[in-house]
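To keep things simple, chains are lettered A, B, C and D as they appear, and every chain counts its residues starting from 1.
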Amino acid sequence: MKRIAVLTSGGDAPGMNAAIRSVVRVGYVRGVKVIGIYRGYRGLLEKDFRQMLPRDVSGILEKGGTVLKTSRTIEFKEEKKQLRAIKNMKEKGIEGLIVVGGNGSQAGSLALFKKGFPTIGIASTIDNDLWGMDYTIGFDTAVNTAIDAIDKIRDTAESHDRTFIVEVMGRDAGFIAMDAGIAGGADIILVPEVKFNINEIVDDIKNGMKKKKMHHLIVCAEGAIHARDLGKIIQERITIDTRVAVLGHIQRGGSPTRFDRLLASALGEKAVDALLDKEKGKIVGIKSNKIVLIPLEQAVTKKKKLNLKLYKLARELSV
Amino acid sequence: MKRIAVLTSGGDAPGMNAAIRSVVRVGYVRGVKVIGIYRGYRGLLEKDFRQMLPRDVSGILEKGGTVLKTSRTIEFKEEKKQLRAIKNMKEKGIEGLIVVGGNGSQAGSLALFKKGFPTIGIASTIDNDLWGMDYTIGFDTAVNTAIDAIDKIRDTAESHDRTFIVEVMGRDAGFIAMDAGIAGGADIILVPEVKFNINEIVDDIKNGMKKKKMHHLIVCAEGAIHARDLGKIIQERITIDTRVAVLGHIQRGGSPTRFDRLLASALGEKAVDALLDKEKGKIVGIKSNKIVLIPLEQAVTKKKKLNLKLYKLARELSV
Amino acid sequence: MKRIAVLTSGGDAPGMNAAIRSVVRVGYVRGVKVIGIYRGYRGLLEKDFRQMLPRDVSGILEKGGTVLKTSRTIEFKEEKKQLRAIKNMKEKGIEGLIVVGGNGSQAGSLALFKKGFPTIGIASTIDNDLWGMDYTIGFDTAVNTAIDAIDKIRDTAESHDRTFIVEVMGRDAGFIAMDAGIAGGADIILVPEVKFNINEIVDDIKNGMKKKKMHHLIVCAEGAIHARDLGKIIQERITIDTRVAVLGHIQRGGSPTRFDRLLASALGEKAVDALLDKEKGKIVGIKSNKIVLIPLEQAVTKKKKLNLKLYKLARELSV
Amino acid sequence: MKRIAVLTSGGDAPGMNAAIRSVVRVGYVRGVKVIGIYRGYRGLLEKDFRQMLPRDVSGILEKGGTVLKTSRTIEFKEEKKQLRAIKNMKEKGIEGLIVVGGNGSQAGSLALFKKGFPTIGIASTIDNDLWGMDYTIGFDTAVNTAIDAIDKIRDTAESHDRTFIVEVMGRDAGFIAMDAGIAGGADIILVPEVKFNINEIVDDIKNGMKKKKMHHLIVCAEGAIHARDLGKIIQERITIDTRVAVLGHIQRGGSPTRFDRLLASALGEKAVDALLDKEKGKIVGIKSNKIVLIPLEQAVTKKKKLNLKLYKLARELSV
């Protein structure tokens, strides 16, 4: 393989730049030309290609977002677009493609593979919802950002003896909420993976107040319930001062953490080496603290399970 | 004067703890007993008093929120409550009161003064809307938190070529929005003090796109327009990808900055010295980089003006 | 077991408070009395004991350092002191001891176990040098602090086209240097585990300059070479502007990250459950992303190896 | 005036990029061509000039360091170099020069003015030692970085009951030390402007220990005494555990704060307008919260005084 391409797709995640840098530099070291494709699959269709050399990725390691830019992937589901994408790559002599992104983006990568084009995915989404791996690039930074926000909110909660409901991202998964909840010292964590009962939440708060816990912190995943809705219900049931905080897009940005910079660097290297080893239709990720290769088919279609031991731990710690 | 009290009231602001620490330690150095009143005016009514010594305020300088806790002040507007508060203080031998807080809280301080009790205010609100002074305790930290969030959001805005509308706090004033907007590199800043025209905003964005500005950042004060409403209008008029971020309560918390720690320390010292100098019915603040004493009557009733030169500067910088 | 104790010992590490909180609260949930021992083994000898209830550990999750305080362990190597420690615990009805700390501290824990007292260690040191586990509490935060510092230093390095040598902690191990180096984008990383040749370093810099790399960043472990010494050698050999930064104690403090808060919470729970399950003479840690129990004897005496794949990756990324 | 130039010189300071951006964009709005000169006076001598348009300064507002790069100014003191610099600018049609930097850099700016070339300085140095103004660009960020480091170090000081001596930058002035000391809660602050007596420091620590202050924090300016030297003296006199931290270059870098971004933006605008108003040989700065123009001659030669009220405040707060 003499020429490979790399694109970032879907929601941006901190560490994507570190992954791009790793692909470009490791590719260079292995003697392969690396082509950057701009704006995800859109750039693949519009031939927005540029060769990338080691110095082109200087100074991006610490930056959030993605210098290759990104786009949503909805339109890429049409077969004729996929074929055009492959044609565009072949015209430029590109023999393999590395796709940095989450679930939806890897579905595109899988589609191209099924049409016969060698692709390797790099697992990158703040939601951490890709099957077969423990962590995806961006998750650690996103949770740290959420924790930082929760720590600030707790200052106000304590000062006012208030109950706060903090809504975090994660789409239909509770990974961010679970980690941010435990690390943020939440009294109650609500995730889509565990059914909850409003009456029990109300009882928990009432019991807490009896134990002189004057402020409460609830962290909820956007996929479990909206903070605003929960806030209304609680205020109808208990006469307490309740406030709502939807952390929103700040969770996507920012300079990546140690964890995400290292993970992205290691996955970038592995993705290049996998392509050169004639691997395809796979995704690189971290599992049991080892870099692994997993079939894209499984990573994309299977549902990753939340570690329910953490849920139990969270309950104990909020005693 | 042998015994003075201090309370924090209204919305908490980073640096309130630094002010409490300064009042307690400077009071001690001046040979005065300092009584901490818990939960603002509510504690004043419920006699929630505790003496504070220098070691009681160790380790709080860097903490957001207020260790004295705070409460909203609405109920304190009744005259009979004000009289009861004075009675409670006199019973404990308290001869002067320092009130750390913003506009509403200083109205309470003014009321007590008018009823004959010596009070001195310390200007503390993230909104920075107290007349007669350039800055209030908490504003600098709140804007820095907003900037940090905006920097993160810009990562995503750039990666997706998206327009972002970021709503910041400030109640009916635009101080946070103006500073956060300029420091955050906003293309458009909307504040309650300056009328704006939706058509012009739409034109600005269209012109920006012609100049290859692919992402736009609008910072709006909550008192000017709600980000959500503006977002809907823009998306109806222009076919661009628009997102909304309401920063919310994270702006209140967090460890105070240099500016707020120093300001709070200096104002705490000045407030104690003012009481000992038989000053009353005044508020301490910073004006032209000097610590000043201003009649509470004026600080509370007059409307502080936004520096419109900054508005002009903001327009130039977003060229 | 009805009554257990917990102490923190050796160099403090971010996350120790999260571990204490977890031990106290999980202990409470399991119906066990938890005694906090102050100032490490010194408090054990001086009977500085206090019972800890769930509310006693409120608000410490996010704090660096250790509320139980800590001390160095040198004197605890004498047998008669170990026997006195056991006597002191037995007098108070303490049946098991949890020791939060690194290598030296766990040697004390091992000694007590060998004398017949049930002990469980919790692996906590920023150095990450405990055998048998992938990470110890505090390491992630320390490296993130180092990265943050390196990011700042790079601003100056770039602005002045300067070579910077940054010395990080880690005692005789290179774990902090390796991770901080890769994540900080270092051109050269020096660790005690890999022999290096000054001539090669000098050649690397010269080659970099030929490739228009105008600034260089060297990260060295304190156990490999002192930055000051290396700086002198480089400046004698190449006429470049060189500066030295010894990060020092800032690496120990600060609010713990997601990783350290979660790890500490999980290890605290596991340590309590291990004691209740009649485990002893072991240490809890994380291995392959699972919480594991390892004999203290091995953890303390065996030498943990640095992952040399990372060293290769670092070389490739600095191309 | 149709064409002006801008350069950054001397030690880099956070906010220099914000100043460059402001000069470039305001210049564009005023219809003036703005030329960026690279690497300070060295680039002026070597004709390292490039025109800068508004989009060339996109994304630099939040970055530490300087995209124009910088160099030390020693060699620029020769008259013939100054004349060559003026010749180089005239050749390119440059009619006015804006110099962003501190004392030494403004001496160069003054020299060019004396040789007949219109120059305006922008006060930028973390040391804050320019006469005639309250603050210089970079100071606020540098102190906030120092405070952040001190907050971390205090975690360890408290955990070990240790005395820490933290050395901060500032060359021969104590501005950073004074603000970082007060805001960091230092027990003792040593600055070059105030004579100190080692015996008194030792007595202070001994008295603190009697009052159960088990850890002490000393902040010293590099211009007052070196932390290492002070540490040795203290350890010889008192049997306490003492540690030293030299904060070093981290104080120069990092993303600028609200204060520095706004100050740099306002000073950039003012510098352009001053040149267009035919002002020359002056420097723009902030005084009493207003943007002012001061003769370079005075700013460069007079010695700025430290506010000794702060020194008194610091003593009271460490009671």
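We adopt the following convention: contacts are C-beta pairs under 8 Å (C-beta built on N, C-alpha and C of every residue); 3 or more make two chains touch, one makes a residue touch a chain.
The shown structure was predicted, so the numbers you read here are calculated from the model rather than taken from an experiment.
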{"item": "Chains touching both chain A and chain C", "value": "none"}
{"item": "Distance between the centres, which are taken as Cα means, of chain B and chain A, whole angstrom", "value": "35"}
{"item": "Euclidean distance of C-alpha centroids - chain B vs chain C, Å", "value": "39"}
{"item": "Intercentroid distance (Cα basis), chain D paired with chain B, Å", "value": "28"}
{"item": "Residue list for chain B, restricted to those that touch at least two other chains", "value": "151, 154, 158"}
{"item": "Those chain pairs that satisfy the touch definition", "value": "A-B, A-C, B-D, C-D"}
{"item": "Of all residues in chain C, those that touch chain D in their complex", "value": "8, 12, 14, 16, 39, 63-66, 69-71, 145, 149, 151-156, 158-161, 164, 243-250, 252-254"}
{"item": "Contacting residues of chain B [partner chain D, same complex]", "value": "21-22, 25-26, 28-29, 54-55, 59, 61-62, 134, 140, 143-144, 147, 151, 154, 158, 179-180, 182-183, 185, 211-212, 255, 257-259, 261-262, 265-266, 269, 287-290, 310, 313, 316-317, 319"}
